[in-house]
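Chain lettering (A, B, C, D, E and F) follows the sequence in which the chains are written, and residue indices restart at 1 in each chain.
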């Protein structure tokens, strides 16, 4: 059986290291130098001829740089004779550009997929924003979900009055998954122009009064969608003890700071991207993907 | 400028012919023979060296046969020296298999797209079930919408009490488009397990009581989704004068007959697929795509 | 060594099952659902990560549907992580369209081959109508022949006066193979315009008077070629005890019924396609390909 | 309209020059230097940015060198910005290796086709040994025939007693074409083991006694097949005034000298390859392809 | 003739705008938005169906972001139906990684080329670090040189005592080009271990004593190579009036400030990348590529 | 583990055989027939289903024929089911055409690489003229160097006064490698127009007076560069005991004979191409690559 070797780009070294440990190995030796002119040079410092190689790199900000790093590492491994190359991408940048909303746009998620397909044999991804992205690849995509992990973690501090809430229509399916796993009711917010006029009405479907919402989504970026949902929930008289859950916690633009103005007790995300240096409030809890990824890698490797 | 030549497969000869007439031309001469062993042989009977060729073929049932016919026509045209080949696919079969809902499934819409990309330079499609399908192609896709056409047609018999209704979450966006065009309010049906139990509750969001629903979707296949929505609307006290609208009217399995048991006044679809030999009731009205397609072809051809 | 897994499409489940048994295994679990709108959904219901997968599917009528089924199964297996995919195609539809006889035609056999090459790593085929089809693939094609099997079977009821007869020029090579294996003389029929006029003369080359012909071809479709050859042989005074042999027995359009009007004692074909529900006369004997295919699969698998 | 530019490799400069003249132009300036180490360097010495370029090069002996020359010219033209590249290959080397006759062989004609497809947009070929070769290309192949030209030329010295003769089964179709064009009867030779024993019998089908044979084939290489057919015809009492006709006259290994031992009055071939420096007898007549090729190029160019 | 449309990414809007003006047109309307999570969205805001589109974008720092922007713009233009797409890349990032210096490295320049080839039809580049990079593309590369432009500019302040100097072996060819154009002698610096020991000796070949050096290279990045050459030249007694010339002036890490410590009278570069906000000394002179690029575009467009 | 099988083309059977012996095996059985019309037919005469196959073939003169032979062998092996194909190319023809020196040229080395990439999985090469050629491949290239082997061999007859000399700038790097390995000083010759006039001056950098030069290069073709360097060295008063070293010794056009007019004591090359039938003087010593190649193959095979 080919030897398993795991390399990490610079995007999330801690997670890659944890995955390697879980697999009972150490990260492969490679270096990624940055020159003064912003170019990088990757070098694999070990013999990987014939190895089954896994490259761990979420394409979180800076997205373009992390993406090119991944491509160069792949080129280096391919030329060094790796027998099989798997991209382990816990967070897939540009996943939301999976269609042209308007004439003249690009399908950025496909551009990224095309490039990956030129160098990799397989991809491991976690909670892609849209499952149709899998169809952009003509190589196998192992699409993992962190939802069961996050739901497990929620169980330890469940209240009797909680309600899983989706902040928009796109999150209804994932909310249903949490609700099923936790045995909780579900509600969801969404914006619609029921009147035919241009003014959008933010609606909450389902009973939230005096209930503690668990607002779930695939990712928290600036926190904007979360905040408008929270405001709406509070207007509807929800209990002021909110929990926020997402697979990917980017927390850009002081998202956490802005969230701290609301009665959010807990924010639960994975380490698909490097965790924020969190403020005192709200309490951010990080659930590691290390076992999920290690298990997926082990399964691919032995088969 | 290259000569424009239009061929039709056997799937919808009437529409292809109407498009050709609208363009002020006649369909190109080609034959599609079927042998006793079910194989077909396509032959282009004219010189198309250097022509700008358009092949009109919805991939409606029998889907596989219509698809292969399109592929063989494309091969024949390519070998005969067409300078550019555009597939005009008013109805795209397998559009709903754009993702793997469960492990072990195929992404059928991508398999179709891959094959088309090997022979065609461009695709014209109408109201694809999922816009992400465009990302399955690496050739330009002109994605047309029949919604403005259908909305125009609705205008001539608008009542003051109507409400546009989406039969599930997937149709909310298209319902909003109709509502905007017609200045009507919107409602939508969907199924959810608000209680956390396994029983689904069919909900109607928005005010439908004493209103005449216009139920809109991208396609009507067996009519099952339409029927359960109609039943729910009636339960909620809607006015018993329903209109059904869809871009693609497949009407398989006696769909129209089964719909005739309900107070449906009018069913409005395009001729993307050959129209049904409709029963007396409900009244089926067919809006032709001929101008929409001819205009798109003309635009591609002159540019 | 990777695990061997065998799936069957719906075209010839009995043969696939027999091959699996011969290999000491059972067919892999997959389902192929057909929806009311004629679309199918394939699902692989087992873990095939890293398996060496073989898909058994002759592309016999309905050719297009069987072909798409095979493509979707391949896509499902590829996405599920099969390490190697082999198409086992005992009968290859469209094999006779391997060239453009006239301007404007397609090379349908190449269109099929191109599509297969996008999803499969290897192909196993049996007695392709033209060996040049192998050149349409850029993946290895294991081209098996059922001729030795069929010749073996003929041996048990050989008469001293038999003569192997090719019904046209295209079958001369295969007739020679049978003749060599059986130690019999060979004759052949063919049409030619020796006079330079437009009237074709059906000729029989070789001595057939008072001999019992074994007419051999690669396939029997409507039986038309066989029947005109039989009539010619009888005119030339052959013995009225004919045997017909072909690798592929499609028997479309009441072929067997029409053949029953002639002194055909026995029709010998393989189970590359599902056997006909044969009439009382002529006696149809089916030679199974199960050992031939199982052996080829075993050989590919262990290497 | 793009400018038409014609280049010639070194294989048949005279023909290329004649084609250019016929088109009312001169050959484009390019040089092909050969270095002492057997490598060549091609250089295009004119601006061809945006031109419609045709490269004339039969791949006659030395086949490999002529083939590489053609590939390098194509690369040079592509990099110099030609808008369209057409390979004009009057004689296609390796056309007879279009299938694997035995396990372990290559499909050389496909290897050549694959390489051409990487650099060219279209191919013009003349009387390919097997029409299935067209299916090896996924670019358009204009497949011309010199048969009408050669038949025209034969008309000027037709005797009343002539018979068109195919030297083997593979040439029967082409013989029929000549016979139809000339209004002559057809005969053919072939080898078969009618007896089931290993000894081949060379047969002549059709009436040749006291007739003057016109033996036709797609090419004459060493002349071996021609000679054994001539010997057989003479044995059968044909008139000792033979004519030999082929599209491609390679005449390797003193073919003409050896043919001069037989009563061959005339050998008719095209200039697809450079004509032999012919001996006094038999009389070799060369029919130029210049008009045929020029017409095909003109047709491609204006469309 | 197709319409010419020019778009600019964000890397060098001034140059793109100048090129458009030179061509007598305005830049096409497109927008490039940056989201808080570092992702960008490109949108083409005009109809470019059938246009001949040119995208101007040097891949200067931030290299990865500029590269992805270019790729997304290309995807948007392709999907919007551009008939031809040309990447105009005045400065090609990662050009120096055109080979693996050591085991384990990547060939980054090829990774970039591969991605460009998936979306573009042609590339225009200026003074690539290595001409072999052209071979990484299988699309035409118009490789322009700014050397004649820069030499022209040098002419206006030529001293009689100048000497063109290459700072290392890699720059000898370009130095020779300048020397030929200006009628000046050439010298060059390089490091070598003539003694076989590990200590490198920085050598100056050619006579520089009391001469004013014009040090030329393809690019100035940190200025390190320039500075060590200047120091060596001064040691050898050159005249303290140095001129530095390069096609690409990146000037990272305070290059200009550090150069100001030396007797550099003038630094001459093009606007392939946005010019630095230069300090008082040394005097930086920018030669625009606008005419060179406009001319190349015009030539491609009309052909 | 897959079985290792080694085939040889006709270019260097002795080396291939020596490599096989070193690996403890024999060359695989294949035949390469040449027909009178200059076409070849390759046949693999053994079962290689699933084998790990290595094809040894330097593309030395006749370059085109050796190249096509390699391609056909690869096609035969691929169709016969080899699991992995590695081209072992000790000498890579056309390596010097790795860039377009002038407009209108081809990048021949890329044309060769493209063709190899269509059939092979990996390449083993030795001392490529330019390392950038590796970037022309998108398959792994194991780039071996014979320099340590040749340096080892030089050690046995080292004089105290030797100096490693590069005959031009392109060979400086390789000269430095020899000098480092042997602990010798380095010098180099090159041509430059220091004066700005058109006359080139052949310079020798480094001290060569009364020293015995070891002139090193990657290859010796006609010996022209070597001879002009030798003449210059002698002018500069070097000791008349020269040694010439190169990885590839083509010795075309009586190179050895012409070299015999100079005081060359020894010429050292590898057997990458078949050794010359050497004259009495100078003494040519051949260092075999068999161990180097066998080791590389073994390493690839076990991994």
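In this text, contacts are C-beta pairs under 8 Å (C-beta built on N, C-alpha and C of every residue); 3 or more make two chains touch, one makes a residue touch a chain.
Treat the numbers as computed from the prediction; the structure is a model and nothing was measured.
The set of chains in contact with subunit B as well as subunit E comprises A, D. When each chain is reduced to the average of its Cα atoms, D sits farthest from subunit A.
At the interface between subunit D and subunit E, under half of the residue numbers appear on both sides, which makes the contact a different-residue one. Taking each chain's centre as the average of its CA atoms, subunit B and subunit F sit 63 Å apart. Here the CA centre of subunit B is 51 Å from the CA centre of subunit D. Here the spacing of subunit C and subunit D, counted between their Cα centres, is 35 Å. Subunit D and subunit F have Cα centroids lying 38 Å from one another.
Residues of subunit D in contact with at least two other chains: 79-80, 100, 107, 110, 114, 118, 134, 138.
Pairs of chains meeting the touch criterion: A-B, A-C, A-E, A-F, B-C, B-D, B-E, C-D, C-F, D-E, D-F, E-F.
Subunit B makes touch with subunit D in their complex at residues 2, 49-51, 78-81, 83, 118.
Looking at the complex, you find that subunit E touches subunit D at residues 122, 134, 138, 140-142, 299-300, 302-303. On the side of subunit A, the complex with subunit B involves touching residues 98-101, 107, 109-110, 114, 130-136, 138, 143, 169, 172, 176, 179-180, 182-188, 192-196, 203, 205-207.
The touching residues of subunit E, when paired with subunit A in their complex, are 30, 35-39, 41-46, 61-65, 67-68, 71-73, 75-76, 79-80, 93-94, 96-97, 100, 102-108, 110-111, 114-115, 118-119, 221-222, 250, 252-253.
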